[in-house]
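Pasting the structures in now, so scroll down.
Note that subunit A is present in both complexes that follow, paired respectively with subunit B and with subunit C.
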Partner chain A sequence: MADVFSIHNKAAKILVVDDMALSRVTGRKLLIELGFKAIDMAENGEIAWTMIEKAIADQAPYCLLISDWMMPVLDGMGLLRRTKKLESENYLPMILSTAESDAGQVVEAVKQGIAAYVRKPLTRESLLSALERVTAKEQQSG
Partner chain B sequence: MGNQLKSSTVIDPAFAPEPLLGTNYLTLPFRGPLAQSIAFVTPEFILRIANSEKPLVVLNFSYAEAAPLSAGELKLLKMLCKACLDSGKRLAFVKCPDFLLQDLEQKLDLQGRFFSTLSQALKSGPEQVIAEIGPELELLTKAVIEVFEKQFSIVVIPEKPRMLTPASVDAKHENGIIGLIALNSKDAVGSLLMRFGESTVLKLAEQTYGEKLPLLNPQVTDVAAELINMILGCAKEELNARGFGIEQALPQTLVPNPDGGGSANTPKPCWQINFQSPVGELNLEICLKRINSAKSE
Partner chain C sequence: MAKQLLKLPKADVTSFDEYVVIQINGALLANQVTEIETILTKDAPTIPWIINCFKSDQVMPQETRMFLGFKKLNPKICLIVNSTYRVGLVEAGLSTALPSAPSLKQALTTVGIKYKPKIDTEFINPFLDAAIRVVSMQAGVSAEAGKVFLVKEPIPSDISGIIPISSPIFTGIFSLEFTKEVFLKMVSKVFGEEYLEISPEIEGFSAEMANMVYGSAKGKVNEKGYTLMPALPTTVRGVHLSSGASVPVAICVPIITDLGIIHIVIRMDS
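Then we have the complex of A and B:
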């Protein structure tokens, strides 16, 4: 069963998904700066999904997903739809990381059920703010 | 018959076609007998007009009233027109009935190269690009500054934008890579391109990944595509608020051949903005044009 994500749980297992190495590595670096220790990376939604399923099978599921929107093979929204079908005990909140600034498109993503979004380029402050929003949501629903 | 210029002809300086500068074009007002004005079309004069930054040259004289030009005068006029066209300018020949314009075009061997009214010339050319996206240049410049500051904690300083025309000589670029993204919608068409010198992109990559990587490593080439994606992303909301309706697009990285082949360019005319940076050479090229403009003449 997945741990409920909390910004205070620095052992939380996090998966960063982005087809662009720059953003993938930046996301990981910032999470490490914020004290998190268990961070994996994937290049697209399909690889991420394989890693998510394996982690569940290994009884070491991820607590949080930070995913880009536009990716080849399986994009962020496609990955979100799959994670929504996971058993509730394996619920995996997603932060959408996007360069998109068009409010309409972001609102649409929120309606689809992302836990938070963060605009690229990622900064320590913007990522921290998104992590805090997810923590607050998890605490409310917990 | 005709205004044959003879060596004894006194050239009246009043007939010199001193260029009048409009916002986006210059006008050569040929006054009085054309031949008198043509006498001032010296090689230096031609070079001066051809090197002008204005993308449109308007030849303003009443051809219908001018006496037929001699072969020598036609040759001078042809040299002037050809120099302008070769440097990427467009030519408008105003106050000239269409049939006479065609006659002149034939005599100059420049068929179909002249606009017959100023409004036509302005509508179909780069002047609309300039007028259309002047305010947007500032928006995109700020986006570049913001992205580099947030992503790399680097301050980049924009230089003055300059317009590149089809005949512009491209600045010599260090071998490097290009991040390119299309700016397409039902309301606008264009592209956004950022050139990174080789040493520039390698330094940015080293800062990100903590190790020196070769130029053609995918992690390095990703830098160009992701940065242009972020730059557009920063500016997009405001661009769309201004009616451009830019849709999502996939960024690309292009690596020109070391021998110069395969170099990518935005369609010309376009705006180019160089940026000074502590990591080296950067420049942005922007081509953006409304296709459903509310403006019409």
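Then we have the complex of A and C:
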């Protein structure tokens, strides 16, 4: 069973998904700066999904997904749809990480059920704020 | 000179010298329609009204009633629509009552104005601001804009992140151009290890930087009625066509950083 994500749980397993190395590395670096220790990275939604399934099978599921939206092979929307079908005990909230400044993509993602979003380039403050929003949502729903 | 006359959650009205653009981004409430009509009849009663609903795919009765209401106030109107919406207008028997065009250029022609496209500071500044912000945040360096110039000869560039600009107003290319030296210094700083050559592993850095700049600037530019579409970035090695004397119009802004100069180039094709 996945731990409920909390910004205070620094052992929370987090998966950063982005086809661009820069964004993956930046996301990981900022999460480490914020004290998180268990951070994995994936290049697209398909690879991420394989990692998510394996983590569940290994009984060490991820608590949070931070994902880009536009990616080859399987995009953020496709990945979100798959995670929505996970058993409730493996529920996996997603933070959308996007370079888009138009509201359309974010609105669509919110409708699809993302927990929060953050604009690229990621900053410590923007990521922290998104993590806090997820924590608050998880506490409300938990 | 553009001047925003009204901004609502799902619509805005911008006045240009010879026409007004009404940008529609969703369903409007009756009082918001009245608000638009009031501002148009007060500030731009005689110049053509261009209604940009290019993002809409479906002809909605409430919306067409609103457009027909605009036409009663000012017969010089034209919609900017995509092909799906255009088909919808024809099917609804409204294509004559509501003239439409696929681009601003054609919409202006429809209402009798000669289109004069331009890349002005209003268009460039959001790219400039975004580039400074992205470069300084991602690379952790100070960055400032140099002097804008028209590209007349190739800009020294070993690798670029390129994004096609597609909009009903014009098409072109946005690129962020690096020399090998600056690129390697920046990548090494960001990734925390020294790179001496541009390899496939790191070349996507330029495309992603360009993507962040474009994505960030797009919202600001679109608020001014340009309607830039989302586009995928690519990486190009070597000097490319967005620079040089053979291209129609291209402007360049150097971004001066601690690690060297990066060039932003905006090329306009049409």
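The rule is simple: the second predicted complex is superposed on the first by the 142 of 142 C-alpha atoms of A that agree within 3 Å, B and C clash if a C-alpha of one lies under 4 Å from a C-alpha of the other, contacts with A are read in each partner's own complex, and residues count from 1 in each chain.
The rule is short, and it goes like this: contacts are C-beta pairs under 8 Å (C-beta built on N, C-alpha and C of every residue); 3 or more make two chains touch, one makes a residue touch a chain.
Treat the numbers as computed from the prediction; the structure is a model and nothing was measured.
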For the overlay on subunit A, clash or fit between subunit B and subunit C?
clash
Answer with first, second, both or neither: which of subunit B and subunit C does A:11 touch in the superposed model?
neither
Mind working out whether A:110 is in touch with subunit B, subunit C, both or neither, as first, second, both or neither?
neither
Touching A:22 in the superposition: subunit B (first), subunit C (second), both, neither?
both
So, does A:73 touch the first partner subunit B, the second partner subunit C, both, or neither?
neither
If you stack the two complexes on chain A, which partner ends up touching A:119: first (subunit B), second (subunit C), both, or neither?
both
In the overlay, one of 57-65, 93-101 or 111-119 from subunit C clashes with subunit B and the rest don't. Which one?
111-119
Subunit B/subunit C common contact set on subunit A
20-23, 25-26, 70, 98-103, 105, 119-121, 123
Can you check the complex and tell me which residues of subunit A touch subunit C?
19-23, 25-26, 70, 98-105, 119-121, 123
Where on subunit B is subunit A touching in the complex?
147, 150-151, 208-209, 218-219, 222-223, 225-227, 229-230, 232-237, 240, 248, 250
For the complex, give me every residue of subunit A touching subunit B.
20-23, 25-26, 70, 98-103, 105, 119-123
Residues of subunit C touching subunit A in the complex
55, 133-134, 137-138, 190-191, 201-202, 204-205, 207-209, 211-212, 214-220, 222, 230, 232
